[in-house]
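Okay, handing you the structure first.
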Amino acid sequence: MTAGADVLAATDPRPPIDLSSGKYLKLWQGPQHPGITGNMSIELTVCGDEVVEGKTHVGYLHRGFEKLMERRTFIQVFPIVCRVCVPEPDFNEYCYAAAIEELAGIEVPERARWIRTLILEMGRINSYLMYLGGQAGAFGLGVIGQWTTHVRDLMLDRFEEMTGARIYHMFILPGGVRDGLPDGFDRRMAETLREIERTMADVENVMFHNAVFKKRTRGVGVIPVDLVDTYGITGPNARAAGLPNDVRKDHPYLVYPELRFEPVIGHESDMYARADVRRRDLLVSIDLIRQILARMPRSGPTMSRLPNVLHWKIPRGETYVRGECSRGEYGYYVVTDGSGYPRRINVRGPSYTHAMALLEHLIPGTNISDVAALMVSLHTYPPEIER
Amino acid sequence: MRDVLSPFLAWKNLFREPVSIADPLNREAAPRYRGFHKNDVSKCIGCGTCETICQNGAIDMVPVAGFEPKDGDSGLRPRIDYGRCCWCALCVDVCTTGSLTMSNAYKWIDADPDAFRFVPGVDAKSWDEAEDGYRRADGHHLTIRERVPMQELAPEVRVGGFDEIVAGYDVALAKLEADRCVSCGLCIAACPTHMSIPQYIEAVRDGDYRRGVRLLYETNPFSNTCGRVCTHVCETACALRNEGDPIAIRWLKRHIMDQVSQDEVREIIGAPAPATGRKIAIVGAGPAGLTAAFDLAKAGHAVTVFEAAEKPGGMLRYGIPEYRLPYDMLDRDIDAITSLGVEIRSDCRVGRDVAMAELHEGHDAVVLAIGLHVGRSLRMPGSEHPQVRKAVDLLRSIGEGMSFDVPRTAVVIGGGNVAMDIARSLARLQKLTHGEVKVTVTTRKEPGHIVADPEEVRECGEEGVVIAYARGPQRLVIEEDGRLTGLLTWRIVPKIDDKGRSATICDEGDAVVHPADMVVEATGQAADVGLLGEALTEELAWNRDRLAVDADGRTSLPWLWAVGDCINGPDVVHAVADGHRTAAAIERAFAETSIERTRPDARR
Amino acid sequence: MTFDWMKIPYALLTLIIVVNYGLLLTALVQKIAARAGRRHGIPIWQNYIDLVKNYALRTSISHGVMYYLGPVFRLTGGVGLLLFVPSLYGSEMFSNLSFAGDLILALYFVFFGTLGMALGAGESGHPYSAIGVSRGLSQVTAAELPLALAVFSVALQYQTLSVTDIVAAQQGGITNWTLFTNPLAVTAAMFSFLGSMMRPPFDVVLAPQEIPIGPPTEYHSSYLALMQTNRALFPVAKMVIYMNLFFGGATSWPIFFLKIFLIYMVSALVGVVFPRFRVEQSIRWFLVWAVPVGVLAILVV
Amino acid sequence: MRTLLARLKERFALGPITEQRPDLAFVTVERETLRPLLRHLRDAEGFTHLVLLTAVDWIEEGLFQLTWLVHDRRRARDIGLRVMVARDAPVMDAVHDLWPTAATYQRELKEMFGIDFPGSPRIDEEFILEGWVDIPPYRRDFDTLKFSEETFEHRAGRGTTDPATHMREHLGIQGGSK
Amino acid sequence: MRDEDMNERRIGVRDELRKRIVKGPDGIEFEVDPISDYYCDARPEVRPGAYAGIVESLFNWARSESLWILGFGTGCGAIEMRPLMTPRFDAYRYGIQWRPTPRQANLFVVSGYLSVKTLKRVIRSYEQMQNPKYVVGLGSCTINGGMYWDSYNTIKKLDQYLPVDVYIAGCMPRPEALLAGFEELKRIIRAGKAEGANLYAENFDWYKANQKRVIHDWDMPDYNW
């Protein structure tokens, strides 16, 4: 299986493109482009309606996080990590905190572990809702985006009342979480989950049982299953190809070992399968949240004792901590050198491989109309690519 | 077919009310929302920890009108730049007083980009009164509030002797305690001698004890001593005191000295400056005199210290019991000073063995550092009785190793640290000679208002000393055979007088006789100024019974300086500060006269 | 043939009524579509404000004569279409400039605006415009086919090329409408109608997600305002034809407004709930579904 | 993991090994060993997924540490291969033929650290930065604050006071060290 | 080519394209070489309101009630745009719409930090918008660099590169704050004070000099206004 991959990458089967022939047209999608989920661009070479080459261009959102982290103390890194990935920031907080806790040898209180899991699942729902709206919107089915954004807003309200912020929650501190759940949270959360379920039923009817949507997505943008490992594809993109890749199962973290769920798997590996896997995974997350709320401890500390954060030093070491975010494997590679500052932090976002190498591989041969949708269907978030 | 029809279900929303918020412009954020900052400026102490933790560089500490620096308050307040802030609320989490919070207000719109900067609590904002907003959760503190406990002898063990009670931190514990410091530096101003406290605490964290000793000796040659018995006003100014225990600054200082050998200490102090040819006489080898001696000797002057007692150290040796300050620790401090070439003439009482006039003749300057060695008496009926003793005298006898009949029961009058010292010393002696402790301390104060350090009071109780609060001593109970049997006290009742001032009256109805074979008065001390001689006493200006001095410690005579307890009352670290101040003043005076000397015709 | 000069001011009055109605109607339909998304949507008068705003912009850039003429052509298409078909049947005042062979002219005008637009957008030089134009032309051609067939069928059915006559033939009860007398032709025409309304599933021409709104990408300021005017006018004009040909026309303004609204809603009803086809998919769809129905309609007649 | 490392030791010259977790180990290898080792891990040991490729700048030692982290999903374990490259001549062998995604990482490393991977596709193209004029920004000797202050203008009017210094000045405190 | 040669060849050029010394609004003088500095063939022109009194007021009202936002999410803040467009906040109610092309938009919401690479695109997009046009700076990053104050790749003061009408504090500002910001912008527009486009034209050289200082690689094709 993998032996073929070498050949695949080594020899480019496509003929060279002669732009001066007049047969081709250069087309830029983005960065100012509504079909792109964030601020990035794809340089397309089209021949008629068919795209013969697509090059991704990133860096429009580059803030130099990995550099900035190196000149901040361990606690000061905490507020900036969430900014790495705007639509689903909590995985940054979790992975960073977990890596630091591992290197510094800090135990996290039980209650904090449950709350962290809760937050991550809430974030996953948000991210999927945003994806569903985007995927439908990419085909001009705007109404889905209206509904999903509305229920996402409800979820943001839950985030807000729990963490004190809508988007950048900054709640998962190294050592635990900032606070417990507010009064009445369970009730409002149950209501929100019901509303999301109702909306998801509508979404299923309008989007997934939709002749035109099926026509646009079935058999389009297929990721061959043997590319999954070669291209480092993880998360729903891999699961839609029939592989049960799910970090929550493969490397259980937080309280996932105690929760009942099965990875959602699709088979066709086309855009429809990917959308459907995400829709069903969202329902799994709803179920997980219900399990968490039913079983989490309601009292006890939420933070373990940290050394004085103003001059917190961590011994030399390196580690890699991963989590299953809505797009796949999210990981932090942290190297410390014994000082009060991280030596190096490398953020491994799934979008990095999905939106660049994989997208460039998938684009040739597609129709221009499908490029934006294809990009959306890989569910990539540009801010985490360039950091 | 379903795939064609089912999408039309979307239209059912046509008959549902839209979910839009009717008035989004006035929607309130969640109660925990991290909105704009609030600061209770009267609670804020301007420690700047918020500034330190802010990773955005969004916080500046700025002086604010109406807030002057004072002990435990820098007078600065945080100013926040919303062109930088990221609303992470780490500043709120780390705030040492809990004064900094966040409202849930979130609307700030302005066409002027320079407007987004304000001092919360000072620049009035619409959200100053907001009730909701981000607060720290219960128990969520980024600062560590509990002090690392010090290993100490159990009460039953320590009362059986004069061994030092506290063991001192080991390196690991000291690091933990030093780790708590937020390095705000408020303590520096509070410390009479302005030690570089955050810096030497940092040295502990780094394990760089040589750096620590260097920093200590910049401001305090009595670090072994102060590390044990300092009144640590710095700890009352410590930012962490507001929401927990202050840093154990005193113990950390001691810890530094414990880690470095005496030879190394001498090496770190280094050699004095080249000799200047100036000579200085210092009367009294207590902390004030020796500190001045240290500074002056370091500057290259020839210093001679005249000490009446057998050994140098003054009150440190003869006033403080050994279980608090072991003599060899004091000796180490003194050794460091003499290593600079300071000559100490012990057993040489000025006025008896040498006259003030001689000192004046033979030296460029004379410094009086005679301390307070005379105990004051309440002069109540019966206080002439031989078994009524003064605390200073008794402590001195203990220090000198002289024996006296240890009373089976004793009463100590007074509520200060000296009372505690003598009570606890007596307790130890009782335990050693009689096997049981029967000491009562009577104080006029209510519990909690006592002058002595709380830990002294606590340890006193642990050692079996009884403290009788709110008792006003009236007279001594003397049997007809002349035997002292007790002390009669009346209950002190607090009262507000007609003019609204608080006063006290004695309740005769509540009289108690505290049985005692010996009554010790620990009710204040005075200086023994007899050594000055009549002529000099006449010549000098006085301020009641104390010598009048200027801010530098100079008396009305230009060659005579007076420092330490005899001027400023009893306190070690103040004495050290005095010593430094006066030494510096003498330096300045020398510098001025040296200019005069370059002009031979200027004089006479 | 005598020409009644009084028809001109009346035609202009029609124009004014229709433009205003179009502005309000498009806003109303947008609001209704917004309701499906569970929100309120734009204020009903928003189109007027946008129009004033766009006319009030201080700068504009021309890319050449055709660029300028594009919106003009487009508007001419709309105005022409409207002026040559009767708005109200039986009304002297509002039968406009209709004449015997106006059906053919109307069909021409339906296409004319698109062509003008294509030329103008092509001149702007923007690649998205170019792609949009090529998509638009191919899709419009495909969508026109069933319409042409349906019209042909209707013309055969009523044996006339005069719109007025066709309307006249449908009077006297709802069952006389072409909708019921020739349902196949109406179906074919409505398929075509969906294709020409620039709503999903046939809005790949504008496709904001792929080729930011296609042909009008470069249009702005007064050019855009001109096109907006047309956007209010043209659909109504087009629907007047549909109304006249298939739904019995209108004899009074209220019925006119109501019928136009309902016809418009058909496109919105479909448009809101379906994503868009790719251009070749939509052409195929027309060829597979709409054209056969049109052919069938002719055969049936 | 232990058995795997033992097996690898037999076939390859391995440097220092850090076992960070039971499922994660880091191994330092020589530059020449890397490719055969990666290939072996991928084809024979089931490490099919390249998680990341990144660099750490050990400026004090004059070295760049390159880390390839590969993942074996079936056995849920990771191994990180470290290669130390001289900072003054930073060149490394490209592995994009083993994993095409490596090309992206290699481009980033070239731009951000200045580590060259000859033969990697688009390696010399600008990747994230545009019109960059300074040394590669992820290098430790690049001071981002200084660069930011020199290049961009910050809003004027900021200035802070150190509490200790402020009290010193206002209370007329002498002595003590700063 | 030597400098004299350059000047020699420029004898024929229009006056406004000659090298000259210009004074910026901050009072600092600097040299401008339009041919290499403008990145376009002409500078924008100042276009004051053409009508007086009630007409201009009507126009300003219409402008304020018809804000067409360019759909260009430059930074984090873009994520709060979607809630604005959707049922919860439904900004369409307030005459606010999103446009995918700068030609049709007249409000640029700079949603947070701008990397240098994006700044270049933002400037180009801004210049393609038609006068009058407005800029809203969203979040701390546009005011004073925000949390990226020490980043090597983001600008700190947006008003150095583009004229900004209104700033909204927050990181990121909530949709409600954005709506309030838009209301404030409307007020400014109605008062006739939102003349950013003219400000840009007046101080074109200054803005260009600032832009040029950070954008080292300007490889955009020429374009007209």
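Lettered A, B, C, D and E in written order, each chain numbered from 1.
As a convention for this text, a contact is a pair of C-beta atoms (placed from the backbone, for glycine too) under 8 Å apart; a residue touches a chain by one contact, two chains touch by 3 or more.
Just so it is clear, the structure is predicted and the values come from calculations on it, not from any experiment.
Taking the definition of touch as given, a chain qualifies here only if it contacts chain B and chain C alike; those chains are A, E.
Taking the mean of each chain's C-alpha atoms as its centre, the chain lying closest to the overall protein C-alpha centroid is A. Distance from chain B peaks, on a Cα-centroid basis, for C.
Each chain gets a centre from the mean of its Cα atoms; the one farthest from the centre of chain D is C.
For this pair, chain A with chain D, the centres built from the Cα atoms lie 23 Å apart. If each chain is reduced to the centroid of its CA atoms, chain C and chain E end up 37 Å from each other. Each chain gets a centre from the mean of its Cα atoms; for chain A and chain C, those two points are 43 Å apart. Centroids of chain B and chain D (each the mean of its C-alpha atoms) stand 50 Å apart. In chain B, the residues that reach two or more other chains under the touch definition are 7, 10, 18-20, 29, 55-56, 81, 83, 86-87, 113.
Each of residues 128-130, 137, 142, 144-145, 155 in chain D touches at least two other chains. Across the assembly, chain E contributes 86-88, 90, 93, 100, 117, 143-145, 147, 149-154, 157, 171, 174 as residues in contact with two or more other chains.
Contact annotation for chain pairs lists A-B, A-C, A-D, A-E, B-C, B-D, B-E, C-E, D-E, with touch applied as defined. Within the complex, the chain D residues that touch chain A are 18, 20-21, 23-24, 26, 42-43, 48-52, 54-57, 65, 67, 69, 73, 76, 78, 80, 96-101, 103-104, 126-130, 137-138, 140, 142, 144-145. Those residues of chain E whose C-beta lies close enough to touch chain B in the complex are 87-90, 93, 137, 140, 142-147, 149-150, 157-159, 164-171, 173-177, 179-181, 183-184, 188. The touching residues of chain C, counted against chain B in their complex, run 32, 34-40, 269, 272-274.
Within the complex, the chain A residues that touch chain B are 72-73, 75-80, 83, 143, 150, 157, 160-165, 168, 170, 178-180, 182, 202, 205-207, 209-211, 214, 301-303, 305-311. Residues 155, 157-168, 170-171, 173-178 of chain D are the ones touching chain B in the complex.
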